[in-house]
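Have a look at the structure below before the remarks.
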Amino acid sequence: MLSKYRILLPVVSLAVLLALTFWMQPRAMSYFGLNLLFNLAVPIALATIAQMLIIMVNDIDLSLGAFVSLVACVTATYLNDTPALGLLILVALVLGYAAMGAVIHVLDLPAIVVTLGMSFVWGGLALFILPTPGGAAPGWLRAVMTVKPPLMPMAVVAAIVIAAVTHLLVIRSGIGTVLRGVGGNARSIARAGWNVAQLKALAYGLAGLFGVLAGMALVGLTTSADANIALRYTLLSIAGVILGGGEFIGGKVSPVGAVIGALTLTLAASFLSFLRLSPDWQIGAQGAILILVLTARLLFSRRGAAA
Amino acid sequence: MSGFAKPWLWAWIAAGAAFAATLGLTAGRGAGELAYAAMSFGAFAAIVGMGQMLVITLGPGNVDLSIPACMTLAGTLALKVMGSDPGTAWLGLAVALATGLGVGLANFALIWLLRLPPIIATLAASLIYQSLAIWSNRGLRIKPPEGLADFATGRMLGVPNVAWVALLLALATWVMLERSVWGRWLLASGQNLRAARLAGVPVQAVRAATYVAVAVFAALAGYLLASFSGGAALNMGAEYLLMSIAVVVIGGSSIAGGNSNVPGVLGAALFMFLVVSMLNSYGAGAGVKSVLTGAIIIAIVIAASARRSRP
Amino acid sequence: MNHDDNAPVVALTRAARHFGPVKALDGVSLSVAPGDCLGLVGHNGAGKSTLVNLINGTFGPSAGEVTFPGGAEGVRSVFQELSLCPNLTVAENLRIAHPNLKGFGWRRAARAEIRESLDRVFPGHGIDPDAEVDSLSIAQRQMVEIAIGFAPRGGRARLVILDEPTSSLDAGIAEQLLSHVTGFCAAGGAVIFISHMLGEVFAVASRIVVLKDGRVVADRPADDFTRSGLVDAMGHVATEAVAQQAARSEPGAVVIHTPNGLEARQGEVVGLSGLAGHGQAAELARLYFSQTSDWRAGRAAQAVFVAGDRPRDGVLPLWSILRNISISVLPRDAKRGLVDRAAESRLAQEWKARIGIRTDDLDNPILSLSGGNQQKVLFARALASDAAVVVMDDPMRGVDVGTKQDVYAMIRAEAAKGRTFLWYSTETEEVCQCDRVFVFRNGAISAELTGAEITEERILEASFEMQEAS
Amino acid sequence: ESHLADTADKRIALSNNYAGNSWRQAMLQTWEETATQAVADGVVAAADAFTTSENQATEQAAQIQNMILQGYDAIVVNAASPSALNGAVKEACDAGVTVVSFDGIVTEPCAWRIAVDFAAMGKEEVDYLATRLPDGGKLLEIRGLAGVFVDDEISKGIHAGVDEHKQFEIVGSVHGDWAQDVAQKAVAGVLPSLPDVVGVVTQGGDGYGAAQAFEAAGRPTPLIVLGNRQDELKWWAEQRDANGYETMSLSIAPGVASLAFWVAQQILAGEEVPKDLTVPFLKITQDGLDAALESTPEGSVANVSYALDDAQSVIAAAK
């Protein structure tokens, strides 16, 4: 019952914001305009999905932004110069994420701490690779991110594809169901004979995979990288998951919502720049709009359920 | 609780090791200087860390991301009100603490009235506080009154004054957590909010007080830091976001809530300063420094938890 | 699968399990054959749940062995504490227990299987396989868990262990379960049935095993036991009908009156009854919240709460037994806001003795106690306070017979001193001991009974929809 | 003069990635003053300033894309990254928008660059030390924010200078993140393990913090090359009056934003402008200290505001 409302709020907030944006800036209502509004939301959506996969198993990832930055650095250097080595590194990074999940479970460590520590590690590695901004996006990646499909701009197509694939993976598939179960009640999953360490490794590994995709997509758009390029994705992705109707504990997440949450966050920033506020208040207005959008949750929250 | 190995020990051991490793470079010369610097700068991390610890004790999902913005806002407003005039230190302190009170109440209002998850609420609110700080002073750096600056950089019995402040605050926090009814209420709320409420704990009052406390701690740290470093800067709190969380977890408090640890926060605050100093002293580049810091944090957490789960 | 009908499904030989110094199980030998319905009884902390965990492999034995001559498949457990994933739907929860459900269309198969199993065990259950478990009542969750236990799941259930399965079911639904268990065993399945409701055990068990302090003290066909004999074997003197109606004092002034019509006087024990999930628990929670504050807690609370759903509403899991007992009375004994630790430990020692919490050290974590003993801690927490109103939400869930009698007596004594009790229970037997009973139906009060009107028939009558006219 | 009227209906936007220090605040202030005047005079139709909420290239890229949508004719950008904005900048150019980058410049060829030679600035610090301390000695380097272009450039210049003047050796290097409290902390942590230091090379904004750290550690104050913050300059003046302390301040004037504004206006007006322009950095010597202090507001940074003439002469110089 709740899961149905969970998706309603993000959809409504995005629609309202989009309508307001179109009203203020009719130019945005075009193939070209939509692409400009949303193409930088694609890597954010991928990162939000990665964060969602971690939140789904009741953990939280404070290292995601640093990880995406590292991936961006690898993509703009090794993947471009020596593709085979670059690919190898990226695969190793995904495996590293999976290992992190397993270690967190087996040693019963708090994820927030381990990922906090890992954020320094990823950040340091990124600085090794690119001590100064630079590198270049591989041509094919640039082509993928700037392709102009018919009817709908790349950004919209990508968002729909990401949402559909992850919905199938997380909500519809059997293994996705079990992974959500880990967030709901890990003990009963273990009692049913599943190896929870493996499941956590899988969830983290998938998160790593989406983190890698986020980093690659980002480089495809920006054409180059630096060690700090995606640091804000950590908090942005958390906000996106929550905006998308997810909850921090209990395995209650919505991939479609997460993608919409990422789009909403991106759009909110654009909407504000169309408002032309005084520079003093531009930063604060971002906070205010975040609060405003989330306040709509109140309308849907179960009244009286909380203590 | 009794019977447990002491998880806070690890932070102190690590701090000691970093201290020794740094002095290994100089064959022991400069020990006093290094200890003094660690206490000075550790004090700020300790103060915000204790605030963050109280919030984290409230249970999963509770964390205050507005600490840097609150530090900046409090520092900015206090220094602006004082305007370098002698004898205004107490007025400035009052303004800073009032700012903390306001920030804490605003944060809690968002969390309670609008039912926003604390992470998001404090993150969004911090952007507004940042704007307020920019608007109020446009980044101008006003010097603290001379007496206040002398106090903030001064020492008593060889220990920096700011460290004394942190120590007193730690003592008060420890008594509050371990001996007072409020502390029990806080710990109970952190384990299971609903069960605590049904056991008669006034949970909303506890939560409100906690969010106010962290903001007041941050405001005090901002006031002291601005006085210590010769004026408030718009970015002066930035590094205390991750720092405040790191010192809590390195200090051995359970991130799952309901369990916290004051001595650990103090040790971890010293450690966070000393480890950077150690790596700087060994001439590590930014990348190496970052990787090693991360690795050491994880190692400490593993060591502390391995000790805990095998009683 | 082994088709030798005489081979036991599971056999324990001198199996033991120790937790540090605690001998939860101390050399138990036991076997369960196909067609057996084994009733397992014993006081709180006797080792029943530990035995279950040995059989289903949650942990291994410290000594002795557990063997499955016909293989371990088809051995199912329904645990004492609910263990579904609340964020998943009913059908998805079946998928968790049934890893072989794969490929396209698994949802449809899962939905069909759980619906069929629910229909078979609880005809007319009204549970939607696509409902999230979160949105179900505690009784419905229990039903789902039982149905998953009995579902084929790609094979056939051979042994189903039910650890206090009826503790949150009302009488009608429990009846359905019992008849299903009987049928299941008649068809060659085996069941281990754990319950503190001896009536149920007599109704289904072909054999009864009595555990006491980790040892088997009796293992005989059910017909060889009498009710009092069974209680004797468990180690409690039957204090049946303690002071039934005896010390009933004159009720005082009205202390509680809710908009719903619920009324209670000083010194009264007021029962809330009706079918499970008809708004009693919600009414109690509302009442408790209205009597206490989110924001203030004075020296003396007006009301205290005894939770039945322990993990959700009662236990503070990181704390010791001591701290769990004292949390509600801290403000009363505090000096200048500081906890009086001497008074705290005195109080806890006193209640450990009074209510018989089975532990050697009150500083042990609360989770080391058995379910029933945790419940006693919650009683101690409430009764230790001076609150005038005690709100009890199905508080006898999983409490053994002996303790129940002690607690009944304690409640009576406290009521005589002027306290008011509001007591929701799924057991009609308990409700019948009250001074006044409100029966709930569909979230509203359908009858108020007092004195001699309080009978099982009147309560049942008011619980179900009755055609008023005819 | 005739060029002024040509741009009366043009709109210019400032894309800024950070507002969290006094330099950026002064930059925004200068922009606002120049822009308000220019709009009032009818030179341009609008000149709005935008700041991202986070100092990140991704946010700034999105901001630039929004400016394209809003139909600005020119975008003046102080970039978070020299290359990570290239995608967005290219999109702007393709949409017919003039892009002028300054301070933090972008490498995308279609944009104009008003650059400061940061490497030369770093080298000049060491050159200056060589004149003051002919015997050489050990130096402490305070760097900025790791992974950022400007930090790397200045540091490269400093190291090039040290290579040239063999009498100097860098014995310690810490990151002060261009924030004086961070610099103070980093220096305090590394000082105990350092031998005697004769000079400190900085990137501006962190000299005062370094001085405080030396003082707290009870060490003699070395020769610190300063930045342009007012508190640094004031401290310098106090030291000079007390004990004849002598040093130099090197920095970029935040007013370069106004130069960028005028360059953008000139491009819009159809003026032929080379893609690469250079501005000199702001240098304050012992002699100019009092004048600089006088013209700098309390708590702010030393600044120079540029007018149309300045822009025209910079453009002419580059041709």
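In order of appearance the chains are A, B, C and D, and numbering begins at 1 in each one.
Following the convention adopted for this analysis, a contact is a pair of C-beta atoms (placed from the backbone, for glycine too) under 8 Å apart; a residue touches a chain by one contact, two chains touch by 3 or more.
No experiment lies behind these values; they were computed from the predicted model shown.
Chain pairs A-D and B-C differ in how many C-beta pairs are in contact, and the one with more is A-D.
Farthest from chain A in terms of Cα centroid separation is C.
Averaged C-alpha coordinates give centres for chain C and chain D that are 71 Å from one another. Centre to centre, using the average C-alpha position, chain A and chain D are separated by 34 Å. Between the CA-based centres of chain B and chain C the separation comes to 45 Å, rounded to the whole angstrom. Centre-to-centre, using mean CA coordinates, chain A is 29 Å away from chain B.
In chain D, the positions touching at least two other chains are 19, 53, 146-147. Of all residues in chain B, those touching 2 or more other chains are 127, 130, 134, 138, 194, 197-198, 203, 254, 256, 286-287, 290, listed in ascending order.
Chain contacts: chain C has residues 289 touching two or more partner chains. Of all possible chain pairs, those that touch are A-B, A-C, A-D, B-C, B-D. For chain A in complex with chain B, the touching residues are 62, 107-110, 112-114, 116-128, 131, 235, 238-239, 242, 248-249, 280-288, 290-291, 294-295, 297-298, 301, 306-307.
Listed in rising order, the residues of chain B touching chain C in the complex are 1-3, 175, 179-182, 184-185, 187-188, 191-192, 194-205, 254, 256, 258-259.
Across the interface of their complex, chain A is touched by residues 16, 19, 28, 32, 48-54, 56-59, 61-63, 65-71, 81-88, 90-91, 145-149, 151-153 of chain D. In the complex of the two chains, the chain A residues touching chain D come out as 25, 27-28, 33, 36-37, 39-40, 43-44, 126-127, 130-135, 218, 221-233, 266, 269-270, 273-274, 276, 279, 282-283, 286-287.
Chain contact summary for the complex, chain C toward chain B: residues 288-289, 292-297, 301, 304-305, 307, 312-320, 323, 327-328, 330-331, 334, 337-339, 363, 381, 385.
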